[in-house]
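Just so it is clear, A, B, C and D label the chains in written order, and each chain counts residues from 1 on its own.
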Amino acid sequence: MTLEALQDEWVRKYGPRTDLALEAREVVIQREGPPEIPGVAVETERTDVGLISRVVIATEEGGRAMGKLPGRYSTIDAPALRSRDAEQLEKVAALIAREIRAFLAELRVPPQADAIVIGLGNWNSTPDALGPRTVHHLTVTRHFFYMAPPAGRAGMRPVAGLSPGVLGITGLETAEIVQGLVRQIQPGLVVCVDALAARSTERLLTTVQISDAGIQPGSGVGNKRYGITRATLGVPVLAIGVPTVVHATTVVSDGLERLAAGGGFPRPAPLPGAGAFGAGFAPPGSTIPPPVKREVLEQVLQPFMGDLIMTPKEIDVLVEDAAETLAEGLDNGLHEELDLNRLILSAVGAR
Amino acid sequence: MTLEALQDEWVRKYGPRTDLALEAREVVIQREGPPEIPGVAVETERTDVGLISRVVIATEEGGRAMGKLPGRYSTIDAPALRSRDAEQLEKVAALIAREIRAFLAELRVPPQADAIVIGLGNWNSTPDALGPRTVHHLTVTRHFFYMAPPAGRAGMRPVAGLSPGVLGITGLETAEIVQGLVRQIQPGLVVCVDALAARSTERLLTTVQISDAGIQPGSGVGNKRYGITRATLGVPVLAIGVPTVVHATTVVSDGLERLAAGGGFPRPAPLPGAGAFGAGFAPPGSTIPPPVKREVLEQVLQPFMGDLIMTPKEIDVLVEDAAETLAEGLDNGLHEELDLNRLILSAVGAR
Amino acid sequence: MTLEALQDEWVRKYGPRTDLALEAREVVIQREGPPEIPGVAVETERTDVGLISRVVIATEEGGRAMGKLPGRYSTIDAPALRSRDAEQLEKVAALIAREIRAFLAELRVPPQADAIVIGLGNWNSTPDALGPRTVHHLTVTRHFFYMAPPAGRAGMRPVAGLSPGVLGITGLETAEIVQGLVRQIQPGLVVCVDALAARSTERLLTTVQISDAGIQPGSGVGNKRYGITRATLGVPVLAIGVPTVVHATTVVSDGLERLAAGGGFPRPAPLPGAGAFGAGFAPPGSTIPPPVKREVLEQVLQPFMGDLIMTPKEIDVLVEDAAETLAEGLDNGLHEELDLNRLILSAVGAR
Amino acid sequence: MTLEALQDEWVRKYGPRTDLALEAREVVIQREGPPEIPGVAVETERTDVGLISRVVIATEEGGRAMGKLPGRYSTIDAPALRSRDAEQLEKVAALIAREIRAFLAELRVPPQADAIVIGLGNWNSTPDALGPRTVHHLTVTRHFFYMAPPAGRAGMRPVAGLSPGVLGITGLETAEIVQGLVRQIQPGLVVCVDALAARSTERLLTTVQISDAGIQPGSGVGNKRYGITRATLGVPVLAIGVPTVVHATTVVSDGLERLAAGGGFPRPAPLPGAGAFGAGFAPPGSTIPPPVKREVLEQVLQPFMGDLIMTPKEIDVLVEDAAETLAEGLDNGLHEELDLNRLILSAVGAR
């Protein structure tokens, strides 16, 4: 079953799609109730940056329940990404690096196997530019690595970076470009960096998700659509992302439901004798009939509907901070010990 | 009374702010009922591109009712801006040029008076980059004009263009930069191009507003805040904009109100015997108590609240098309007859 | 024999390298004397834009003499590229389109075979950004093409575009990326657009070269270096370029030689009884001993030497004009009849 | 006497123009012989980054001899700018900061007086983008400063940054924009950052010049041309630059002269009995008649002549490294102690 089909099925059941496994799990648990979803395991670790939650989808059944491909999904809560504080951002980068190293060990990627970092998304649209900006800040070493003598390469990995652009810019499926490159280069690892869509605005620019389950970028041409996964590429795939948008439909739906449900009003009703929402309102716990919700969504989001995104005004600086942090996390996580000066000097000396 | 104070007062009365005079008027009329707002006049013209509505706020009282500075506001309905069709976009540009020429005649700007076009907004954030992108595409002639002999200048105007950047990039109020430049250059006209916020998603990238009432860019440093208006600069100011965002608070509020009011459901109730929204829902015509609405907004938009914007996914190509169209409209509207080759050749010949 | 080896051999014999076959031929003819180089044929056509010279290298021997791979090289003299005159630039674009169509007919590329346009070079360095800027302005149709029903595709070709970046940005050989993509997509044609190096400053931004002989981009990693040619890719390759730089070593050498040779001084000596250059100078026709020339080059170009390029101050506007012109030439040359609106509408209608 | 007139006179006497006072002085001393130029004093300081040379032009006579405005010119030899080594670049930044602080003390700029940093040059042309890129990397504090309470501002200066663009982009003289802004803001200091032209390729990207003598940007419109100096602005002006280009005419002339003079050939003649350059060449010490030199320059540089620049191929990464280093030097030199987090928190707390 493709990721797309899994997601579609999930959305029909649980509503707005999210790229975060952690959010998907919360929705399911909230709806279906504990205990844990069969085939899914979670563990958490408290760090001084924030909580790390590691969701493992071990079975097809778990994947179907989550609307995600089976695999590991680590979520780092990193409110510091929004702090604009250089010191805090370095701590986040260090935690990302540590988590990447754990994934590489798990995936048994040899220390000097080639890695290709793909910056997914559209550099012309700020909220979608996280991938290309991360690759821009990444330290690329592959060309120096292969020119340096073996001694000069100690502790380093050949890392390449490419931002292929989106379908509307190139006329090419990103997955086609990546697949062709992987066949040609035969790397030991592909890393995809992408801007994600969250379900909750609280997650915007405060969360890093790292996963080995693969992804499926953008929209497809005809039926040639395919994902970027270990199954399609034949090499391990690490996907790293930060939510930069919430779909407008998600937020508006959420508002409507909270209004109907009276959710989140733990305080007593403002007027004695009135319902939680005052006279004339639905009792707490109401739900909105789907056709009514759809009608309201159409009224306020037409003619764009699902093509409207919600993003912070300051998205330019937030994306830039996130991109620099991810790039530093990758620099420190992909190499055992990155010493660019030594590598360059070895490469130049070898010519 | 400053524009800011006018707007704040208006928002307290009528809810979500809009940069479009036409939308502001609709809200007031809808709430207060016809006949027309005192001090405000409207006329419309049907063209093959779309309807042009010309709102004139003639009095202080009208300005207060509208939450806008007194002046003329022309709104061109131009759905073609979203069509990605070169021929249609040229027609929109021609209509913009015609309307600009009408404003210049009204403002008695002499044909060879200097014009400075200011591209307001942040080039790093796609939805806010309309002003800088328009100035990028604008044909700048001032340097050639003053080098050419009088004969070579016939039909042309000296036009300069500057995108000063936003407060967060420069540490300077845009209005300070513009005011300094106007004092130094003493042009006959200042044109400001800016991305606008609409109240309705239908207005996104389908509407051009041209006004001589002046504007007040971005947020201010301390209390040194001031606008870009004829009163502050001493020269006529033309503001041209296209809505590229709707504030998230606006859309969510709108959804909540429509749900409560049952507005927009002209069809009979889906089930006989049930209310328009089904059992358990508020009767049509309900309104939401403000604290309830605020609570829901906070729940779904925290922690960004008013700092979340909603914009189309395809914003990069839509802003680029709008910027090219506005630039062409300005090129054709500011000069009696733009013949750049003749101007350059005259200028070079005169050296 | 690789292109690199051919060029190196040629440079040892004839001095400064040029990317233009026409210049290479002039040098050889000038040095070796007419008649024509064996295995090389030339024909010219006078147009109202400028002269088109078509050099055909038919044999290995001709390729070795020219320092180029065998194939066809069309050179369009287009001084209008430097005119900044929109009307003139359109005429150049039309001529480029006509020449591209002639190549496609010759290469028997079917009208609806996929074409991939590769923008070679570095977008961060203005003189090297011609390829990426051309792809930026190119109309990409492949994604619409495959979504449209056959009727909607009439007259159009699926065209994709990719600017992969240079080795220093990606750590990847451009040829590796292209080879992987070609294997994956299996197009009927690859077009490479690149900034060229000329031997003479007169050629800068006045010449368009179109060739089917393939190219060899940038510098290589280790010994994995390979070209982008029909032989390596298995599909026809069209290379299109415009010279944007002359190597500093070329220009300085040229100056030294002209001084020594007294070349270009057809006027009589200024003083009777003195040599062409006045007393104390070398007699006309002198040549400079290679070690002396090398010494002077080192003195004036150290520490960069071959890594210094010469380019016009106005390179930003010249590259942009050239890129727009090449993109228009490609748009009109690659399709029998490009009607983007029809294609998009068909594609959307088919969804 | 304007800077332009001073330079023109100097060029007539000494040949190719240079923006570096240190190079101008070397040429004069070499030509006129020691002792020192009247009205000019030099002192040097050896540091672990490189030599600092401080040229002081104290009199009008000295300025005329140097082709420069009177004032102080500090030149830091910093070959590390080309090293691509982060640690070395930090040392250069620290030295720049120290030198800036010395200038501020000399100019008696109060520690909390506003500073405006102007990024001169053209962001679309890589070799000319040093100023805009430096302002891009600069930490701008002015907006936070004036929102913070006095206690939060301790040790910091309100710093603004603006890259106005060049005449061809804006139609405005840069000096007009700066003059208007200074009148409006009335800062205590203007800093101009610009890409410079050197006379020698060895100086490219290895030298930082800091001066309080003011500058005269780009070319002028008609006769409205004026400089950016303390005299025209009424506030101290610091100009900071790094050479990124050598004019092509300079390098070719230099090559011709060295060939004629036999300069730089300290080794004995290769063949006994031959002159230093071998038979048939001019004797060492020859000079080239100016019309001959002009003729050769025209032959090899036409049709661009003075509009051709020479720059390293790797200019994109070199300019970026230099810009980041200058920005860090400014960040550390302009503030007594820059603590951005404290400043922002104070500003936000004060709202």
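Here is the rule we go by: a contact is a pair of C-beta atoms (placed from the backbone, for glycine too) under 8 Å apart; a residue touches a chain by one contact, two chains touch by 3 or more.
Computed from a prediction, not measured in an experiment: that's the story for all the values here.
Listed by label, the chains that touch chain A and also chain B are C, D. Across A-D and A-C, the chain pair carrying more C-beta contacts is A-C.
Chain centre most remote from that of chain C: B (centre = mean of CA atoms).
Rounded to whole angstrom units, the spacing between the C-alpha centres of chain A and chain C is 42. One simple way to say how far apart two chains are is to compare their mean CA positions; for chain A and chain D this gives 45 Å. Chain D has its Cα centroid 35 Å from the Cα centroid of chain C. In chain D, the residues that touch at least two other chains are 168.
Of all residues in chain D, only 84-85, 87, 341, 344 touch chain A in the complex they form.
The part of chain D that touches chain C in the complex is made up of residues 122, 124-127, 168, 201-202, 204, 248, 251-252, 254-256, 258-260, 263-265, 270, 277-278, 280-283, 286, 288-289, 291-292, 295-297, 299-304, 307-317, 320. Residue ranges on chain C touching chain A, taken from their complex, read 116, 140-143, 146-147, 158-165, 167-172, 176-177, 179-185, 221-222, 224.
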